[in-house]
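Presented sequentially are two complexes of chain A, the first with chain B as partner and the second with chain C.
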Partner chain A sequence: MGGKVTCTLGEVKNRADLVIYWGGNPAECHPRHFTKYALMPKGKFVPNGRKDRTMILVDIRETPSAKAADIFLQIKPTKDFEMITVLRAIIKEQPVDPAIVAEIGLSLEQLRDLADRMKKAKFGVMFFGMGLSMTRGKHMNSAALLTLAAELNAFTKFVAMPMRGHGNVTGGDVIMRWMTGYPFGVNLARGYPRFNPGEFSTIDMLIRGDCDAALILGADPGATMPQPAIDHLARVPTITLDPKVTHTSRISRVHITTAVTGISAPGTAYRMDEIPLPLRPALKSPYPTDEEVLRRIRQKIACKPLQLPPTVPMMTDAE
Partner chain B sequence: MRGNSILRIVGGRVYDPANGVDGVVRDLCICDGKIVADVEAGRTIDATGMVVFPGGVDVHTHVAGAALNFARAMIPEDHRRNLAFVRDRIRHGGIGGSTPTTYITGYLYAGQGYTTVNEAAVPILTARHTHEELRDTPIIDKSTCVLMANNEIVLDLLEAGEYERAKEVVGWSIWAAKAYGVKAVNPGGVTAWKWGKDVKGFREPVPGYSKVTPADIVSSLAKIVDELRLPHAVHLHCNNLGAPGNVATTLETMKALEGSRAHLAHLQYHAYGGDDWTNFRSESVRIAEEFNRNPNLTTDAGAVLFGNTVTITADGPWQHLLHKLTGRKWGNIDVENETGCGVVPYVYKEKNLVNAVQWAVGLELLLLIDDPWRIYLTTDHPNGAAFWRYPEIIRLLMDLDFRREQIRKLAPAALNRIFLPELNRCYTLYEIAIITSAGPARALGLANKGNLGVGADADVAVFNNDKDAAKMFSYPRYVIKGGEIVIEEGEIRNTVEGKGLLVRPHYDPSVEDFIRPLFEKHYTMSFDNYPVELERVEHAEVRPCN
Partner chain C sequence: MELTITKNATCTFCGCVCDDIELHSDGERITHTKAACVLGASWFKNHTAEHLYPDALIDGKPATVDEAIELAADILYDADMPLIYGLSNITCEAQRESVGLAEMVGGIIDSHTSL
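Now for the complex of A and B:
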């Protein structure tokens, strides 16, 4: 399988009567998600707001988000994939192995009840967080959940959406797609884009020591990446563009302070549902914008000889 | 953008249907980005023995925006089996294939002599994204159509019988999206899809409404577009796309459009007979006959070529069905209060009866519709095939022997479901110049495009006069955009920037007081962030409505 069955957040606001959060803690990580989009708002077809919606939380521990849930399903760590697979079987009225159900940490009745609610919903949505997508199984967990959402459309309207964060990470993903065809993990060394997560994704490149310079923009890998990756950043010339001095700045050869996008620099941010929002600066900044710094770096690089053989083919096999 | 080169193209055989010029050897002079009567100095291009066309115009394509970009992420396997483009001093790197990256889209269109395209499906809510992508699409000029036929503010107004106010909302929305025209996709059907349903009958109420029907939406939008005096008619993707027996819906739609202008998009997908997939057959003859009788209509072929592609449409319910039929991966985005979109990768196979019929129907319509000024070459890119395969279709239209050879490859069972083997018409170069350039430019109301007369934009394609039309139209010798040579000897020499074409229809600005509270109630962003600022459109050219 593959693909994604999703919607913009306004569809959730106007229609969703069953809201499931899976492996995420929006009460602390996306504090406006309940009130602006998913739970509290009165919508066109859910006129009573919260009263017209059922919220189910699936997680391995009771986080503050559980207080907002009508039903909290606490499952055993790393059993998300099994739970999704059992749900897919129940929905298709296939037999399930009680031994696997026992591993999940829920009763068969609880799972049947959940499947039943999913099928009976008028408009169901699953929001999934890093508790699903970054734990054992990783993209297989996400794929299973997206497949479950797609399959539920045989019975009712159902969608799924990742709970993305970190500022404008969605914007980066969107632009990479229109520039290179791929969302991340892209290597441009041959003069055209190649995609291979695990080989060309940032952490893997750094740990293997494949790059001999780094430009860090709007991120702080020095605080979040594994130590071997950080060690390599410290080893090579690293340039960091950031409005403030970060952990990464401290291991960089160069730190350039830039204006804060959205406060003193204009632009576009893409929301987690890929809606573009214009940013209008309210204040002036003494610092240049990221865009201006990058443009000036690019101008300087353009003066240097092109790092490609003089007779490159115009086209080549994309593999 | 307007170039400042001075050029004289000498000795070429000129095909300029907008001015009735049919293969006359004459010089073409260019100055300041326009065709002029004569030039004194400048560079001379010797086009002796070559064929000179106005730059191609694509009336219906999907090259930018949220839906296409969603598809790009979904099909890395397609990117890998296609060509990649290597960067150099003047060119960006990127990927070709079914959903070329933005820069490559510009290079590929220009690389086959096309200089203007119409991106046919833009939601207001994500129009900012579409324009950002179009800024990164070089060389070609770009117009867009904004999706209105499932906009719930408009539908609620039509339900309440408030036609006049609906017209104001449409006018406001066109300007908000910085669009050029109005697109209607499966009117009412995408709204129904928000509950997992589709519309049932053309004259039955849309699910969720008690009065308004697809027929009402179609005829109201056509009338609104005419009354707003938009240069391009309502751009309509009819109900029931792709379904066996949809010929009935298409004929009914033509009837509902009497008295208005309309452009029927990708007609191939709407000309099928039969009751189910087992007796699926071509109904191109009935469609073409009715179409020929209705001079208010224009259309584009939406032709299909065999091979791999990805289907992308705002028609959400159809894409769910296609996913169920094929078992291929499925992408879907419902856009709040406005529209939806679905993405399913697809392979058209010669030996598949349904695909064989689809392949034939596209060609049949091009051959049966007698006025080339009213039907244009498209594949509904990327749905029927990628746009860079247009030259293959041109060859099928011009070369009867080649066409017969291809028909022989179909499964014999397909032959009694199609009309193509009986059609002997062959397109002339003059007619090819109409369906690829002069015709679509006229349908879009772009008098300065698809035209080599004095004063027109200097968008010109010069081809070798090759017997193999596919080869001829795949590799132009020269392409001139806005007076600048962009392709020379098959190489990209210059990557000029294109214009963004849009209109500002007349509407009562106070309609904003009506829209704002509804928006604040039903949407999830600030109303002031909704309309796209004009500065966001690169080299914007606001075209007149009259």
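Now for the complex of A and C:
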């Protein structure tokens, strides 16, 4: 779990009486999150479902999710870190600077009320979205929120969980953590894993022009990344594996069409609370799966002379 | 056309990964979904088993999967610092293969998490 204080969505369903969404719009982005996991279901310790829970939304604008909230706290953009820090101070009964409170866009009473509700909850959960983790402060915001959750455990049970976007992005973290010890941005060039976001993360690598080939799978950076990164992808030989011919495929040397994960390709996917779930494909694809194509590429490379020093044991030999 | 019903299917559109979806399919496309949300229903209905795209493309021209795999292996083997990126819309089994491949070619592996 990477050291964070978290739980499964099943525990949220059965126990959470205070549900806080921070910087996310589940009503539109995760439509069944309220009804299936976090808000509506009747649980063992919240027998009346929605009536037993308090829902608080923290965001910079009033999204459709605000309609589902008991309390909507509209804060000023980029003030998430300040708000979390002030909350941490209030919870520890430390004095807070009114100037900083004014910057957040909320009154001290609202923040005191929130801190009070957090401490009094039987089981509190904070779901945080990209509105927190992708704005000014980035991973420092997430770290602050996770610290807040950890500190609240001096008073009650409190957890935090990221609202993950794409289907199996959680699985990517879990698999890389399992195999290399790090969740993303891993460099294996020296034969052992090194982790350094900012140096080995994709956008930085591409903008600096550090890589001389790329394999893109289950993503379409050609449609989403900044232009200098796309330019570099077009400059180097790029290989794309995707069920459709995407923007990235058009700037690639090689595109291979693959079966669609979960619809025509079987396997496993991780839910946002790191629970692995089996996929039950309903269709048979005329295309090979990503897994099969990757295995065949590996077999081809395995026939070539080994590039790594023979004294370095391969992690994957121990499978 | 024979109707097949897949019960407790798993939707991989968003991070909720709902695993209680019922899918009705006629072998080529999913015609009806039960319990899926608007995003999930469009995800299931927009992907068919039809052969809509060429098996593989090399420099934008149709090619066989064998040729494409051969060239992909050459590109990754010859590169000094290959980058493997994405991993969001693929299975854990395919993710495991990609980490193995990254180790084999001595490259960098990264996912959407770093964005």
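Everything below uses one rule, namely that the second predicted complex is superposed on the first by the 306 of 319 C-alpha atoms of A that agree within 3 Å, B and C clash if a C-alpha of one lies under 4 Å from a C-alpha of the other, contacts with A are read in each partner's own complex, and residues count from 1 in each chain.
The rule is simple: a contact is a pair of C-beta atoms (placed from the backbone, for glycine too) under 8 Å apart; a residue touches a chain by one contact, two chains touch by 3 or more.
From a predicted model like this one, the values you see are computed outputs, not experimental measurements.
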Quick one: chain B and chain C on chain A, clash or fit?
fit
How many degrees apart are chain B and chain C as seen from chain A, counting from C-alpha centres and rounding to the nearest 10?
90
After superposition on the shared chain, which partner residues are touched by A:V186: those of chain B (first), chain C (second), both, or neither?
second
Look at A:K4 in the shared chain and tell me whether it touches chain B only, chain C only, both, or neither; answer first, second, both or neither.
first
Name the contact category of A:L277: first (chain B only), second (chain C only), both, or neither.
both
First (chain B), second (chain C), both or neither: which does A:I56 touch?
neither
Contacts for A:V174 in the overlay, against chain B (first) and chain C (second): which applies, first, second, both or neither?
both
Output check: A:L18 vs chain B and chain C. Expected answer is one of first, second, both, neither. What do you get?
neither
Quick one: classify A:I104 as touching chain B (first), chain C (second), both or neither.
neither
For A:V46, decide between first (touching chain B), second (touching chain C), both and neither.
neither
Taking the superposition on A as described, I'd like to know which of chain B and chain C A:A115 touches: first, second, both or neither.
neither
By residue count, is chain A touched more by chain B or by chain C?
C
After superposing the two complexes on chain A, what is the shortest C-alpha distance between chain B and chain C, in Å?
6
Common interface residues of chain A - those touching chain B in one complex and chain C in the other:
36-37, 173-174, 179-180, 183, 188, 190-191, 268, 270-271, 276-278, 308, 314-316
Given the complex with chain B, which residues does chain A contribute to the contact?
1-11, 13-15, 36-37, 43-44, 122-123, 150, 153-154, 156-157, 159, 173-174, 177-183, 188, 190-195, 268, 270-271, 274-278, 306, 308, 312-319
The chain A residues in contact with chain C across the complex are 29-33, 36-37, 134, 163-176, 179-180, 183-191, 197, 200-203, 205-206, 210-219, 221, 236-237, 239, 241, 243-245, 249-250, 252-257, 260-272, 276-291, 293-298, 300-302, 304, 307-308, 314-316
Chain A-touching residues of chain C, taken from the complex the two chains share:
4, 6-20, 23, 25, 27-30, 37-40, 43-44, 47-51, 53-60, 65, 68-73, 75-115
Within their complex, chain B touches chain A through residues 64, 66, 69-70, 72-74, 76, 79-89, 91-97, 99, 101-103, 125-126, 128-129, 132-133, 136, 152, 194-196, 320, 323-324, 329-337, 340, 343-344, 491-492, 521-525, 529, 533, 536
